[in-house]
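Reviewing the structure listed below.
All chains are identified by letter, namely A, B, C, D and E, in their written order; residue positions are counted from 1 within each chain.
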Amino acid sequence: MILARVCGTVVATRCTDGVPAARYLLANPTDQHGAAKSGAIIALDTVGAGIDELVLVAQGSSARQTAVSDKKAIDAVIIGIVDLVEETGTVTYRK
Amino acid sequence: MILARVCGTVVATRCTDGVPAARYLLANPTDQHGAAKSGAIIALDTVGAGIDELVLVAQGSSARQTAVSDKKAIDAVIIGIVDLVEETGTVTYRK
Amino acid sequence: MILARVCGTVVATRCTDGVPAARYLLANPTDQHGAAKSGAIIALDTVGAGIDELVLVAQGSSARQTAVSDKKAIDAVIIGIVDLVEETGTVTYRK
Amino acid sequence: MILARVCGTVVATRCTDGVPAARYLLANPTDQHGAAKSGAIIALDTVGAGIDELVLVAQGSSARQTAVSDKKAIDAVIIGIVDLVEETGTVTYRK
Amino acid sequence: MILARVCGTVVATRCTDGVPAARYLLANPTDQHGAAKSGAIIALDTVGAGIDELVLVAQGSSARQTAVSDKKAIDAVIIGIVDLVEETGTVTYRK
């Protein structure tokens, strides 16, 4: 999984049959300190993540292993809200 | 998923058995402002996207989770037309 | 899918059980003008593509969705020969 | 698979239904000498890996082929603890 | 698939349930001339490849389509030993 910070939302009303009516969030991949890296992905939100929260994103076929994304044309899903990241004994991120 | 802007079409008449007769679009991945990044992908269109529209593209096995791409040798599909992208309270793209 | 230009062949006689006896082509990913990008991939040919032809390549599990690659250890397959690429009204490639 | 060095832990208490209650480790991909490359991934630990250990990480759908990650929204799993890496007759890493 | 040159071995005795007892090789991705590119991957050997041999590597779920890797947490497998690579009529690699 990757770490990403939620930074916005995406609205798309005209969608294909394989897309669940759900909340799609714009998220910036980050390093272990929560600092944004270049690029942004769109991920289906399954946990009620809010703007600026650090989240875990699963990608690929694993993104379909939740109730809302099962058998859907979804390749990225937010699977958890990060409370804490610790690196070699030091807390690098705390919610 | 990624954001991409539709910029053209690709025609391929000699195809393998696993390829649906469908519309294949050339799309440039973009950032959250709709600005093109380098590289272009070819995605099957399932929503009737037009040139210059910002779209959501699903890739990998998830691209096969639509009626037209089911069990086909397709690894990228346009799953929705983006109406609006909002980043930390600011609209960065509106159709 | 990506665009790639066929530039050669690869011969491998000692293969594992999951590899079909087929034609494996060396292909350079290209942009929408057919200009080569760095890197080369090896893809199973399912359409009889020739040297210098621009082709569509499907990757990942979708590469197994053809008769010859079904359930095989193949992660890239040529799914079509490109006749024409058009970008914002201009033909950027014609076979 | 890739080589990675375990460098920390990630705690996420609010997770989606497809996420096993397990240990999630922060890991830096490394070269064959164990030297860190840029980027960090979050992988489910299935072997009891400790901080600073070099591990093998499987990604994508293959990450779901363990008892704990089966049918879960997990795209990276630590599958083994590396004892030794040898390159052209020279040991480049020993635990 | 990609071309890679076998350059070493990796030993990992403490592994998860989804990992076959097999030979894991360190391999450097190469271009069509057999010249190494940066990065190294760990792939399960299914063909008895030796040090310095050029091989074909399949990645992702396709890496599980061999007898030894079936349903295992393996995302890269050596599927063949390359005898010859030819580019636009010129042999660029011969075993």
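The rule is simple: contacts are C-beta pairs under 8 Å (C-beta built on N, C-alpha and C of every residue); 3 or more make two chains touch, one makes a residue touch a chain.
Here the structure is a predicted model, which means the values were calculated and not measured.
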item: Set of chains adjacent to chain A and to chain E; value: D
item: Turn needed to bring chain B onto chain C - CA fit, degrees, nearest 5; value: 70
item: Same or different residue numbers at the chain D/chain E copy interface, by half rule; value: different
item: Chain C and chain E, separation of their C-alpha mean positions in angstrom; value: 20
item: Distance between chain centroids, defined by C-alpha means - chain B, chain E (Å); value: 32
item: Per-residue multi-chain contacts in chain B, two or more chains; value: 60-61, 63-64
item: Chain contact topology (line, ring, star, complete or other); value: ring
item: Round-the-ring chain order [start: chain B; next: chain C]; value: B, C, E, D, A
item: Touch list for chain C against partner chain B, complex; value: 1-3, 31-32, 46-48, 55-56, 58-67, 77-89, 92
item: In the complex, chain A residues that touch chain B; value: 7-19, 24, 26, 39-43, 51-52, 60-61, 63-64, 71-76
